[in-house]
Every structure is written in structure tokens, then in C-alpha cells.
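Lettered A, B, C and D in written order, each chain numbered from 1.
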Amino acid sequence: MSSTTRTTDDPEHSRYLESVRAQHLGALWSYGRELLPPEPMSHVEPRIWRYTDVRATLLDAGSVISPEEAERRVLLFLNPGLLPTVGTTRTLLAALQLLLPGEIARAHRHSPAALRFIVEGEGAHTTVDGERTTMAPGDLVLTPSFAWHDHESTGDSPVIWFDGLDLPLVTALEAMFFELHGDRVQPLTEPVDASKSRSRHGTLRPAGARTATPHSPVVNYPWESTERALTAAATMDGGADLISLEYTNPDDGGPVMPTISAGVHRLAPGANATVGRRMASSIVHVVRGDGTSLVGDTELTWSEHDVIACPPWVTIEHQNASDSEPAILFSISDEPVMRALHLYREG
Amino acid sequence: MSSTTRTTDDPEHSRYLESVRAQHLGALWSYGRELLPPEPMSHVEPRIWRYTDVRATLLDAGSVISPEEAERRVLLFLNPGLLPTVGTTRTLLAALQLLLPGEIARAHRHSPAALRFIVEGEGAHTTVDGERTTMAPGDLVLTPSFAWHDHESTGDSPVIWFDGLDLPLVTALEAMFFELHGDRVQPLTEPVDASKSRSRHGTLRPAGARTATPHSPVVNYPWESTERALTAAATMDGGADLISLEYTNPDDGGPVMPTISAGVHRLAPGANATVGRRMASSIVHVVRGDGTSLVGDTELTWSEHDVIACPPWVTIEHQNASDSEPAILFSISDEPVMRALHLYREG
Amino acid sequence: MSSTTRTTDDPEHSRYLESVRAQHLGALWSYGRELLPPEPMSHVEPRIWRYTDVRATLLDAGSVISPEEAERRVLLFLNPGLLPTVGTTRTLLAALQLLLPGEIARAHRHSPAALRFIVEGEGAHTTVDGERTTMAPGDLVLTPSFAWHDHESTGDSPVIWFDGLDLPLVTALEAMFFELHGDRVQPLTEPVDASKSRSRHGTLRPAGARTATPHSPVVNYPWESTERALTAAATMDGGADLISLEYTNPDDGGPVMPTISAGVHRLAPGANATVGRRMASSIVHVVRGDGTSLVGDTELTWSEHDVIACPPWVTIEHQNASDSEPAILFSISDEPVMRALHLYREG
Amino acid sequence: MSSTTRTTDDPEHSRYLESVRAQHLGALWSYGRELLPPEPMSHVEPRIWRYTDVRATLLDAGSVISPEEAERRVLLFLNPGLLPTVGTTRTLLAALQLLLPGEIARAHRHSPAALRFIVEGEGAHTTVDGERTTMAPGDLVLTPSFAWHDHESTGDSPVIWFDGLDLPLVTALEAMFFELHGDRVQPLTEPVDASKSRSRHGTLRPAGARTATPHSPVVNYPWESTERALTAAATMDGGADLISLEYTNPDDGGPVMPTISAGVHRLAPGANATVGRRMASSIVHVVRGDGTSLVGDTELTWSEHDVIACPPWVTIEHQNASDSEPAILFSISDEPVMRALHLYREG
């Protein structure tokens, strides 16, 4: 007999448990090991969403709903293991957002932090707390907690980006605040792309300009710099199967936002690389390439722009299908949350 | 028409949403404002559990189940608004635990942090990572995340304490780890009550003994010191309706554990005191006295040792029913979580 | 021949060095090892000043000079090894200050931080940034960097206290700022002894009252609490030859001020205790007892209220001369400076 | 009569002061305002050393002394106001170091932190804790406190660099430790230029590679990146007379070392720029250009590679003599010391 559950049909015990329930109490011993499992039992299903499918559905949305009606024309990646809760993992939500030529996604702000990784299309810009940045494929744009943000497309083709948010975390903590801006488009108060130029300074910072915000002061981490960094790292560490770089807050060296970290990874041609168990969930967006990942026990075959949900505390193995080209992955993780609460571990 | 929801019965739109769902996607605009409400809409019901009732049920458990069977003889306070999720609030779980004379609650450890506030009975002790402390009514005993702990009663009457845990938070983050100790009772490696003596030093600390743990090094905050502090504060600040003291980690001045803060409050005779909205949930245990609290819109009348669940972001008003005696409340809060994630606010 | 000094009488080299000097340059190799010694070569002489002597001289000052003339009637302990620089060690300056009945030491403030340990006399008070505290023997009173402070005696006997300052450090860094208050005695803005009561709360703090100052919010650490802590520590750790407690900032667990730490020590009856080398200088004030200390190679025999200068990086050995009574020592140290600059080490 | 000094010729008072001195005491009131001046009275003389002169003297040293004899062939900039103390300011020491083709400056380490800014010559390298970096003009190389370092030239012309150290600070704190390595040249344990490549990643960092050292993990900040950052900043902020960038520790966003910060500045063609009073001393090295600086009341006219000593708490005005070319300045400062000790201020 287990030392912790009493599965007896003893009618006295059953009557007791009923009276307990009636008082809005629970007898700890009546719960099985699922309340206190030896290791995390995640409800997050390892899962892939294929870009070709989602993109088609998203473009359909362009005719089904206007941004005025939708406020944001966004398709959320809903993990079946978490339904009816909205989330790609327990803390993170990924989505794809579409902006058609001439459209505006109106200015608002909210306590969930968000970031955008541009997937395709030119000619859109985002304004964050008065600073406008132009978005190009591969750029990472931050819209931190409670920063005003609006998007606008002045190009001539659809613009699609990957959204990453900590909305499930904020919802679980019941800490949601949301506010519409008085204007559809907020006024500009900073030079255009001010922080984009700034992020090009690397390890040099305008003297006296260190911020005290808990998030990175950089609005846009441009792809050009990211790719240069990946190439430099690959050149330097030529034999590595997997090179992982983390986007950092240059003012404190930490993650880009207090609840979400972002990284970019280069899987060498033909490489097979394993990432050990970590007490953090993550979502991967394929920037470039084809391959297969084993997420826990689930094998997932991926192509460009696919999105993959990874539960915490599983081993992940990536295989690049190409023998000639590297594969590039972008990822977000809730590791900063686990570290801040001293729950992070590896093993 | 709302700018953000499309409640139309347009069949094309319905078909579209169906195809979205089939792909494990969600259309952001199909969710109502509940996904992004302007302010927190907590599922936590303001609620009271009366000690006279729960105590009786708990003592009944003494005959229904042994600690060997139960591992811990614990009744959880389950907030009806959160069912089937186990929690008193979204992040915190309160419970009452019973130890009868001669019983042992065997040694284990887990990633959720826990604290104990002794309600009644003498003669029990708890051992935390090799340090044993005697428990008397009003003592606050910490069993931080992943600290080995066991309890034993060598007295001659039942011992009951209030348990406060961050289990709902750790479960929501899927970060649960649990381990049984090899021995029923862990071996002692520190002098008995070592840190209890230490906590009596107040603002003086053994030189060189500053710890680097994220939790307080104090195992037991004895009631005698707590009461002396309350009295000193009341003497000094005589006219105050409400005096609130926070238990602190003497090594960094922060909360006792990274996910739970603990406080003790003195409501002056006849006093009526209001606490403004805070982005933190809390649970109150009545140490002494009678009164009424308005938690949001819910009026709750309380007596000694009752337990009250308080959702985040509501105004709370306490009224001491006695014109001659102060009322004393103990409370726990998830404020450290909200601060660590930069989600805390007042307003 | 040493690898680093060229002591040759080569006239060409001499001429070269002369031309170097003429340009306000220095040839590194012309300096001996004293510029880069393998270990600290302190100019601080281990030294004792006897209270009976200094007290007599200080009381004489009472008739020689008024506080109006003197601003402060203070005798500085000048280490002969540092002259003409003013310092007891390279960073710390100790002094004794006398206030006669009815006298006032007028309000001023300065960038050097200071603390006071009361040696004898009742009836004086100090006001620090608007908060007045009564001073009794054994009390530790802080007057942090740039805090307004004035002293006044309303008793009927002389009051003498030990002053500890970081003036030599601030002078060496050329960071001295000094300002006289517009009034001789600053107005009170806080309740009398507000923080003295507060410090009695030990590990409980008024909720929401955590300060952001770099120094302790406690103005007065009363002797009664200090003695109680020493007694508790001695009871708990009965066999210890030397018990050392550090006064802490309850709001962050650190030293009382960013440049000076303060400690109190109990040397058991008959005990002989050795303190290893530390990269910090210190000054000891004998609170009670008689004994002998070996500071480096210098033997110093001490009695009540004597003051001892200790250079950095020497071994210190204390011997209590009494077999029946403990000796109590108070000390200040520049360890926080060394830690803040990452220069601290032990060995 | 001043309220704080007693300049009387009163013979009783004189006798009293004599007896005070005889006891190694000092009467506070006998010191004039120089002990507690209202504002810093720096002994540091604003001063310039001209590169053409110092370079010639340094090259002469090449024939006067070998690196074996000298350990380092270094000429120190000695501020006349501080003599006989060795320092360019009270905390900082600048120097020029010469390495001739084929020479080695043998491996050692010391508690003072040092940095090198390459002035002229190619073909030298420095090894820091097992990592070798090639040095080119404009590169900034760090040799932090107690890091092993050796230098070697394999080029065919003299290599000269600017040394910046906190030696005066460490000496004043009596915290000097020095050690020779067992080998003349330490063995390599890291890839050549590992951190140089790393610093090119800008705001992206190898995942998991955040260091816990108090100094920057970057060994070499190459000029190419520095110049690119200056150009980007100038392009973005086109009209600015003075652009100041600080070299940062990418792992925490702070200064490059805990006691020394380093910056680079671009003075626009024809520009005149004023820097207000700061509680920090600094040393400027002219990278490129000609101009005039008013340091406090002292006017100094400078050309390429000159070195200027700046006392704390003076206003500094820079004038670029050229109407067509920007001037570039490199500087070091003790601002991190003042901030760590909470003595920093501006005004």
C-alpha cells in the first residue's frame, strides 16, 4: 500500500471526505501523487504548428476581419494540453500577427510583456513608448510590460510577425491590466530607431544613459546584428554543433525582459545536438532550415517559420536535416521567471 | 459595437473560427474582454473558514487516518472559485495540520516553500535541514523550498498549526519536485533552536555569518519576540488603528522566503482600518480577537483562529469588534512574487 | 641583483632618471619593491591610547576651550605612523568627544560618515536628520554621510563618547564636503527615539518601511539590546572563547554604513582568541575588562575604555586577563570599503 | 573670530596643545578649515604631458634599461601636487609603456587593476589569465585586479601603450598584493582573442556564459568596434558637440572594472563642450586631434597622444581646434569608486 494515498472503500472514510468537501476543505491524503509528484508532470504537449498552414489561415483572416474590428489580427497557438486555458506553455503564449498594407493596430498597453520576431514582409513599424522602429525580417522588437505600443504598415505586401507573450503567467497570477491609448497612433517623442542605433554600440554605451527599468532599453535588435553575431560565434567556435546566443539587456546584462528571455541558435550542417533538462518552458520559431527535434518523447519535423512548444524538464534533441546549410532557430523561454523565484534548476 | 469583440452570427466567420480551432489556434478577437480585462478579475472568492468547524473536522481525522497513512494529516482550505485547482488563492495554499501525542510526520522535502504558524498545543518540534526547533503557539516556523523537514509531537495534547504554502504557484509553473527522506526522522546536525536564539539578536548578527540563501536563515520566529515587537510598535505609535509588521530575513532585509511574505498586524480596540488595493493575494489567520472585515464587497465576521482568503486588487477594511482589546492578525502574501516579476502595484 | 630595481651608480642612468623627474615622470624600475610589495606594508602602527590619560586631557579641554569656539570639543587619536596625515588608520579616525552640562555642539553635516559609542555620562542627546535620540553608555549612534547632526547635554555630569569616522578615507579620495546648519540646533521632524524603538523589533519591520538609503535607518542601537544579544549568544555558544557580533542594517542585512562596519565582541573569562589576517584596518574600544592583545608583533595591555589601532593584514590575538569576568570590546572596521572595491581578502 | 579655529597666542592653550601632541592626540579645533573644507580642495594639479616629449624619453629608456632589468619599461605620470606620493590623481596612475621587437614583459599579477590603451605599433600581444589578445592601436585591453598578465612583442617596430591603474587608491588603502608568475610567459588556456570575438556580439551573449566576476569578461575592446560605435552615435546624434560613450561590462552593464571606468569621446569639428563638476578624478588621453581644455582654471593645449590629469569637482571645457575634423579622447575615471562608497555626486 502506498504510504500517501488511502484508496480504501471504507464507507466511514468516504463519509468523512464528503463532509470535508462540504466545508470547502480538502484532505491532503485523498490526493494522489499528482499533487506532489517527484518531478514536474507538465500538461504542455510537445507540438508543432506548420507555417504553411497557419500562414494561409492568417491571410484568410485578412478578409474575414479588419484590424479595427479585431484590434489585433492575431492567431494564438493554443496548446491542447492546457485547454481551456489559453497558452502555448503554462507561462508563454505564441501567436502570429498579420498587418496588411495601410493598416494600423491601434495603440494600447497591458501588464503582459510581449516581443515580436518579424517573419516576413517589409514596410511596417512599431512605436513603443514614443519611439518608432522599422521592422524587417529577423528583427526582434520588445514591447515590455505596460509600454504603449501600436503598429502600422506602410508597405505594399502583408507583414507577419511572431508574437511572444507572458500572458498565461500574468493571467495565472491574476495580474492583468489593460488600457487603450487615447489616440489610435501614439505621438513620437524619441528619434526614430533611437535604440536600434544604440544597440549597435555593442559594449559601449552613451555615458550616463544607464536605465533603471527592469527591461532592456533596446526597442529593436536588428537581424543584421544578430546574424553577424551568429557568424562571428560560428567562426570562432567552428566545430560546435549548436551555438546558442542570448539577447541581453545591455544595461544590466540580464534577459531582455524580467519574465521572458530570448535566444537565437545555429545548428551546424548535419548536426545533432542535445539540450538537457531545464526547469523552464520554451517556444521555438524556425528562422531558417529544416530538421527534426525530439522534444521529450515526441518527434517533430520542422521547416522554415514553424513554431514548436516545449514543456519544462524534458530533454530536447535537434537534428539539422541539411548537410550543407546551418539551421537557425529563435526561441523564447520563461527561465527568468524560474530564476527570479529561485525555482530554476537543470539536471 | 465593441472595438474588440465580434459577436456576429456571420456564418462565414463561424466557419472560419471553427477551422482555426481545428488547427489548435485561437483567434484573439473571438475572446471577449476576459482575456485582457482592464483590471484583474480574480477568481478567488473572499471567504472565511471558521476554526471551530475546521478544528472539529481535523480532530475527527485523528481517528480516521494515521500520519503513516496520510504522510501529513492536513486539511487544505480550497477556494471554491478556483476548483478543481487546489488553492486558497491563485498562488497560496493554507491548511491546518494536526499532530497527536507521539506522532511523527516523516521527513521529506519539496520545491514549494512552506511556513507554519502554531495555533494550539505544546510539545511538538520541527526539524529543518538538521536544525530542530520547539514549536509553541504563535511561533512562525519556516520550511523553505527543498529544505528537509519532519515534525514530531512528544507532548500530551494535540498540536495544530496553520500551514502556508506556495504550492498553487509552483504547480501553475509546473515546477514541482518532491522527495522522501531515507529516514523517517532526519538526523540533527545543528544545535537545537540554533536560529531561534539567533533571531533574538535583532540587529546584531554573528560576524561572518551572513547567508547567501534566498530565504531567511531563521527557522523559528518565536511568538514572544513577535508580541514584544507589536507592543513596542503600539507604544511608540499609540494612536495607530492598524500596526503592520513584516517578518524579515535578517541577512538581506527582504521577505522570509522568495515567494511568500509574512506579517503580523495589531488592530487597536474599536479600530476600523482600510488597506488599499495591492497587486498581491493574501491569507489571514486570526491570532486573537473578534471582528469584521470587508474584503472587496464581501463582509466576513471572524473570531480567533479563523482563516480568510483575500483576492488581489481589492480594498480590505478591518473592524475590531472589541472596544477594549486589540485584535491580532497573522497573514501571508504573494507580494514577493509580484515584486520579483515586476508586476506589483498599488492603487 | 633584484629583477626589478636598478641600484647601479651608472652615471648615464642617473642622468636619465634626472631628466625623467624634470618632466614630472617617474621610471617605474627606479622604485624599489615598496611600490609593489608582495603583501601590504602598512604605515599604521599598532598602538594603544589609555583612557585614564586621554580622559584627563579631555576634561582639561573643558576649561581650555568652549564648544562655541571649538564647534566640537574633540581629541583625535593620531597614529604616529601616518603623520602628518590625520588618521588612526589609513581610512578610519577615532576620537573622544566631551560635552559638559548645558553645552551644545552645533548642527552641521559632512560627507564623512561618523558613529558614536557612548563611554560615560548620562543626559546628552543627539539629533540626526530631525530625529532626536537619548544617549546612554554603550549606545551606538549613527550619523551617516551628510546627515545633519547636533549634540546637546542637559545632564549634570560630563558626557564622553567615542567617535569613529571615515574622514581619512574621504580626505584621501578628496571627497570632503562640509556644511553648517542655519540653526545651532536643528528642528525635530520625527518622534524622539523613533528608530531606537524600531531597532527593538528585531526581525520584524513596519510593513512598507524598508528604506533605500545606503546606511542603516537605525539612529541608536541601545546598549540594553546589545548586551542582551551578547548574553544570548554566549548562552547558546557557551564554550566559545570569542563571540563576535556585527551591528547590521536591518533593511538590507549589510553593515551599518557603506564605509564603516561596527562590531561587539565578548572574550570569555581567561580566554585567548586569535583573529586571522584580514584586508581591513580596525579600531578597538574596550567597553569592559582588562587584557592583552598581540597586534602583529606588538603587545598591548588594555583596560576599560582604552583605544587600540590595528593595521590591516596582521594577526591579532586577544587575552582576557580575568578568569572570572568576560571582557567586552567594541570595534569599527573599513571592511565594507574593501568589499565594495573587491579588495577584501583573508588569509 | 571664526567659530571653528582658535588662533590665539594664549600660552596656556599652546601648552595644552603641546601636551595633546605628546600623547599622539590632536585637538580638532586646532586644525583650520582644511580638515573639513566646504568643498573638495584637491591637491591634483590640472596638467598636461606632451607625447612628443614623453615618447622621446621613453624610447631613450629602450637603450638605458632592458625589460629584464625593469620588469616593465614604464614611465609614470607623476602629478607634482601629490609628490612624494606616486599618482596622476589621488586614485589613478597613468603611464606609458614601451615594448621593443622581441621583448617580453614577464608574467605577474597584483591587486591594483590596470588597463591598456594602445598608442602606436603593431605586433604585440598580451595574455590575461591564459587568454592571448593581439594589440592594435586604439584597442583597450583589461588586466583586472590579480589577473596574471604578460606582454610580448613579435613585431618589427616599437609598441607603446597607455597604462591606467588604480595603484594610488590601492596604496592609500594599504591593500597591495603582488606576485611573480613561475614562468616568464604564462601558458595559454583559452583560444586566442576569445573575448575579442565575444565582444563583437554586442547585445547577444553565448547562452549560459554570464560571468560572476566583478570585472568585464572582455579582454580586448578593439578599436574597430569603438570607432564604429562613435560613428554610429555621431550619425544618430548629428548635432552633438560632445558624444561620450562608456565601455561597459556586458555581463552586468557596469563599468569595465570595479575601480576604473573607461570612456571614449568625440568632440565635433569646431565644438566647444563643457562637462560639469563631478566627484571623480579622471585622466584623458588624446586619441586624435588638437584642441584646448580648460580644467578648472588651467588652460591646456593638446595634440595627439598627450595625457591630461583632471582633479575631481572642477568644471572642464573642451575646445576642438579643428573646424573640419572631430577630436577623439579616451579617458579613465575613478567614478566607480565614488559610487561604490556612495560618495559620488554632481553639481
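As a convention for this text, a contact is a pair of C-beta atoms (placed from the backbone, for glycine too) under 8 Å apart; a residue touches a chain by one contact, two chains touch by 3 or more.
What you see is a predicted model; the values in this text were computed from it and never measured.
*Asks:* To reach subunit D from subunit B by way of touching chains, what is the minimum number of steps?
*Replies:* Steps on the shortest route: 2.
*Asks:* Select the chain at the greatest separation from subunit D, using centres from the mean of Cα atoms.
*Replies:* Between subunit D and every other chain, the largest centroid distance is to B.
*Asks:* Taking each chain's centre as the mean position of its Cα atoms, how many Å separate subunit C from subunit D?
*Replies:* Centres of subunit C and subunit D (C-alpha means) sit 31 Å apart.
*Asks:* With chain centres taken as the means of their Cα atoms, state the distance from subunit A to subunit C in Å.
*Replies:* 53
*Asks:* Please work out the Cα centroid separation of subunit A and subunit D, and write it as a whole number of Å.
*Replies:* Spacing between the chain centres: roughly 43 Å.
*Asks:* Please list all residues of subunit A that touch 2 or more other chains.
*Replies:* Correct list: empty.
*Asks:* What's the complete list of touching chain pairs for this entry?
*Replies:* Every pair of chains meeting the touch criterion: A-B, A-D, B-C, C-D.
*Asks:* How about subunit C: which of its residues touch subunit D in the complex?
*Replies:* 3-4, 6, 12-13, 16, 19-20, 23-29, 31, 35-44, 47, 49, 53-54, 57, 60-61, 64-65, 68-80, 86, 90-91, 95, 110-111, 145, 167, 169-179, 214, 258-259, 279, 281, 311-313, 334, 337-338, 340-343, 345
*Asks:* Taking the touch rule as given, give the residues of subunit D at its contact with subunit A in the complex, in rising order.
*Replies:* Those in contact with subunit A are residues 191, 194, 197-208, 210, 216, 218, 221, 225-226, 228-230, 232-233, 235-236, 243-253, 263-264.
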